[in-house]
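Everything on this sheet refers to the single structure shown next.
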Amino acid sequence: VLDLSALEEEARARLDPGVYDFYAGGAGHELTLADNVAAWSSLRFRPRVLRDVGAVSMETTALGTQLSLPVLVAPVAHQRMVHPEGEIAMARGTAAAGSVMVVSTRSSTALEDVPAAAGDAPRWFQLYVLRDRGWTAELVDRAREAGYGAIVLTVDTPLLGRHLREVRDGFELPADFGMANAPMSTAARAATRYDVSARIEQAPDLTFADIGWLAERSRLPVVAKGVLRGDDAVSCLDAGATAVIVSNHGGRQLDGAVATAHALPDVVDAVAGRAEVYADGGIRGGTDVLRALALGARAVLVGRPALWGLATGGAEGVRAVLDHLRAELDLAMALSGTPDLAAVGPDLLVRTVP
Amino acid sequence: VLDLSALEEEARARLDPGVYDFYAGGAGHELTLADNVAAWSSLRFRPRVLRDVGAVSMETTALGTQLSLPVLVAPVAHQRMVHPEGEIAMARGTAAAGSVMVVSTRSSTALEDVPAAAGDAPRWFQLYVLRDRGWTAELVDRAREAGYGAIVLTVDTPLLGRHLREVRDGFELPADFGMANAPMSTAARAATRYDVSARIEQAPDLTFADIGWLAERSRLPVVAKGVLRGDDAVSCLDAGATAVIVSNHGGRQLDGAVATAHALPDVVDAVAGRAEVYADGGIRGGTDVLRALALGARAVLVGRPALWGLATGGAEGVRAVLDHLRAELDLAMALSGTPDLAAVGPDLLVRTVP
Amino acid sequence: VLDLSALEEEARARLDPGVYDFYAGGAGHELTLADNVAAWSSLRFRPRVLRDVGAVSMETTALGTQLSLPVLVAPVAHQRMVHPEGEIAMARGTAAAGSVMVVSTRSSTALEDVPAAAGDAPRWFQLYVLRDRGWTAELVDRAREAGYGAIVLTVDTPLLGRHLREVRDGFELPADFGMANAPMSTAARAATRYDVSARIEQAPDLTFADIGWLAERSRLPVVAKGVLRGDDAVSCLDAGATAVIVSNHGGRQLDGAVATAHALPDVVDAVAGRAEVYADGGIRGGTDVLRALALGARAVLVGRPALWGLATGGAEGVRAVLDHLRAELDLAMALSGTPDLAAVGPDLLVRTVP
Amino acid sequence: VLDLSALEEEARARLDPGVYDFYAGGAGHELTLADNVAAWSSLRFRPRVLRDVGAVSMETTALGTQLSLPVLVAPVAHQRMVHPEGEIAMARGTAAAGSVMVVSTRSSTALEDVPAAAGDAPRWFQLYVLRDRGWTAELVDRAREAGYGAIVLTVDTPLLGRHLREVRDGFELPADFGMANAPMSTAARAATRYDVSARIEQAPDLTFADIGWLAERSRLPVVAKGVLRGDDAVSCLDAGATAVIVSNHGGRQLDGAVATAHALPDVVDAVAGRAEVYADGGIRGGTDVLRALALGARAVLVGRPALWGLATGGAEGVRAVLDHLRAELDLAMALSGTPDLAAVGPDLLVRTVP
């Protein structure tokens, strides 16, 4: 991997244009999609010199789970669309790199099949609370039983954002995609698929109270994904969440939502050390990871970069993307005089965040 | 309607280039025309999560009149230039969408003919105070008698802005356009048309005192349209106006005038809840509507978008534009955690307004 | 004149490219040249409404001299390069428009010949203090005797800026240009021209004290042209200047110097009403004139726009440019609710000046 | 030399593309490379007028060494790649212009050969502390014995930045380049070259304490090059450094590091007059030099511009570049009313530094 932009071009060349657009695109006029990337880039470093960086360590933990680098793999739907081994390959590559994969509710592989095929590396499960709360409860139970270590609750998707690329492309999911986790047999699902579609739709009436229910039901840490405000982050924690992910869903939900880099400081300030704060959206290199850590993120998640790795090289491609980020972060840490993550703080950045 | 930019392109393809330019253009170098759109786009959201948005309501009132969405249709002159049914179709489409149309003094349909043909949905009348105050008074009386619910007094047009596109295009209105509301028969007008032109010109000596006269004469609420400063808004209210519209006339009057989005907070602050404040100019989607509401507007007006709907689909096209805005606003409200308009406030936006 | 950009294009088409570049260009990388125009444009208006603008008056005075509009014609060298009648035509057009022309030391017409041919309208003389102070004194005496009403002392040209366009074009002045005001016969000058060149060079050792000498010698008001700082403006006044012109020499001297629009407020603040402050550089329309007046300028000067008028239409072209600015300023004043210049103030502008 | 951009184009045309990219490129996405240039350009001057600038003096000293202009020649590796006489020619041109050359550890000419061939003009030696500290000590001893007047310790290169242009170009140094200063014979080096490569690599474990060791060992002033923070600058001085160079290594180390122009004020403030502060990176003309001096730099260093001079004209080309900067600075000082360097201060600039 030379750099992630080049990798994306390579993936684009291999993928069906509609599939590429499905993943690469954002909501509306893609203001937030573009902002996510630009906002990290616009942050300038104040590197430190003459610190001993003969050994750089980026090991950390997320919810107590060991990470060889402060990067997790974000939940991405329907991964078999970009590679025949889909989530299995993503899981293998992620584990090989010493990271944690977040498996999506909209996985194209049943959540039990991922650990079965890819082994029992630490893995989290991303949950959409569905209109059918019974199915939702079943999903949660299955995730716990399958060994997932946390529930990543998506909180920014009461409705799906409107993706103009998909409308223009006339894009439709292949039949049966997005249902691998539905709690009934394929045959049964086929027989009732319109009804199923409705029932697996995200619940628009989710509130903070659901976090408490979820924590209780799952007996797992609940990570609220999609928070962009300090007050909401605190409300999530008060309601029982263990951690939050600052995210605008990769620019795929509310177009015009603040870039992650610009929202992160408010959330970090409000959370004030009570909990781990992660961030995703627009991370395109090791320096972006370092910027997020400097603003107070415990770790970041990458979605599209990992997906382009999957598209171009399967499990090996995923691993190569994570190793690329590791190498870039290692260099960035060395060049900013921060031999370990404890040394990374806000003074590494020029204050230009609005 | 996929999005309003695409719709404008479709309208452009159908219209005579001079007619398109007449409506699409602005004054001078079109700085304000461009700013209007860019200023809304530059405002970033801080969406709330985990609010129950299972039911989103955007119903509201404007001057006590029910609106199914917080969007009115701005006054636009000479609508028969873009569609043979002109103002009649605009009125029908607006009513079908549950909105309120503001009929222009420069309507190409006599003000009485709009309700006659399109029914008695709520409708407001936009007034240019003319050099001939007698005719002005007659217009006001006719509007009241024809059932219009408010007088929208344009306050930013003591002279007409200079539209370079029209000069370059050598554009001229078709004969008799712009006179449908003149208070005499077509034959009489034809016989005296040069004189008429002079007398229907806007009065350049309008002052706040005219608002009081107008309110008294019309016995209708007077809405001052074209205010860009808090102090002027207060003066309008003190003089008898019931509400104000923050507007720079769609960038067609003073080139270089502040964008509506940047003027709105000052007006809202100064008015301090005494009256309803509306805004127009540059609204190009549901997220722009939400931005205006977050800055304190009661509702917005759309002119060009409705006109492109009229040009491409007559009454149905107008309705489609309003329904598109409704759908986009519904989604934006859901994704920002605001189930109704009372929940919309300035904290939804990152503070970057100058 | 449709607008001044179009006029410049027309002039460019008519002129020798080297001559066009000589006037259109600036120093260095032309940062300041571009900034001058952009800085005015970036200022946004907060227009007032409902003021009686039935009659707009822009009459004013500069140093007590009546002006039909708050625009003077800036000194420009060698005007016969763009039109055979050169300064004579410029003087006639300026007088016809009711403005004041500033005749350059580097005029291609002897300073006495301008009033002789163009009549005794008010006119000022721009002075470069030369290395040869004797000649300088003679120039001053001649200007007074020829009826010039003020000396405009250029203070920003101890050395000439470096104009890359001229170097790239290999541009050279036609023989004898730039010497019409030299105080000896053409024959004598021809015989000694290298020496003359040296002696007519600007003095690099000019100081504030020279203003006192100049005021005494000329018995005329001295206007210091080229001031960009409040402290310097005050020093000029303390030294005997009657007024100052905020100017960066049209971007032709120090590349990177602050734009006039950004320097003007500091000078106006420091002068604090003690003297008239003018501004030039980048004025490209009536709204720019209004912006300068709103920031506290008594009047503006235009150089290149007047020159493009001269190039395209001689005296009539100059008059057309000034009438164009008058018409645009009239409209801008009407649309901003300022019926006369006393009503123009800083509250007309959004505060975005750095 | 017309201007330095044109000179770079000329050099580019002459050089092998891989060699050009090796020098012209920066790290990562070259954000800092571009910022360096843009940040100087964005600073606007507030020139003074009416100061006697009949004689402009830019003579100064750096560490007590006389400089005919406040510009030194930055260390650049492997100069024989761009001209057969490499560092010898650079040294001759620099001396001829009255400036000081900093010879690189990675010189393609042995450090003793530079004074031997180019005479004993003042010259400094840039030091990379190598993994092999014994060799490092030898280098220091040799530099002192060869008459170098200071050690410029690079502090921003514990690891080499990643230069994507080199990776894309598949660029490799010619055999033996970069080893001219290795403390053993060519034959011996050839026999052990992989091992040598490792041993000449920069030490990643350098700390402030090494400055003390270096000062003691070298008995020369130590200048810390690559500082971007005030606190680090003070730590360098506390550890025994005599001066600091604000630098991001020409954008070749941490991509996203703050531009020199934006870091300089913080360092100057923190150093508070205790020591000389220099700056390099992005200086592309005399006005940039003046900007750096106005922000408090004692002098600047230029790397790429001198190299383009070397590439296009050998020693004469280097001298021409320095003379060009001298002429531009002379003009800029005259036009800003600063007849000598003592007159240059922060009030020359509009305050827009973040």
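Order of writing sets the labels: A, B, C and D. Residues in every chain begin at 1.
Keep in mind that, in the parts below, a residue touches a chain if its C-beta (ideal position, glycine included) is under 8 Å from a C-beta of that chain, and two chains touch if they have at least 3 such contacts.
Being a predicted model, the structure only gives us computed values, none of them experimental.
> If you average the Cα atoms per chain, which one ends up farthest from chain B?
D
> Taking the mean of the C-alpha atoms as each chain's centre, how many Å separate chain B from chain D?
Roughly 61 Å separates the two chain centres.
> Averaging only over C-alpha atoms, locate the centres of chain C and chain D and give their separation in whole Å.
From the centre of chain C to the centre of chain D is 43 Å.
> Residues touching two or more other chains, restricted to chain C: which are they?
none
> What is the shape of the graph in which nodes denote protein chains and edges denote touching chain pairs (line, ring, star, complete, other)?
Looks like a ring, each chain touching just two neighbours.
> Which residues of chain A touch chain D in their complex?
Chain A reaches chain D through residues 2-3, 41, 43-54, 285, 287, 291, 328, 331-332, 334-336, 350-352.
> Which chain C residues qualify as touching chain D in the complex?
Chain C residues touching chain D: 28-29, 31, 35, 155-156, 158-159, 161-162, 164, 167-168, 203-208, 210-211, 224, 226-229, 232, 235-236, 239, 248, 253-259, 262-263, 354.
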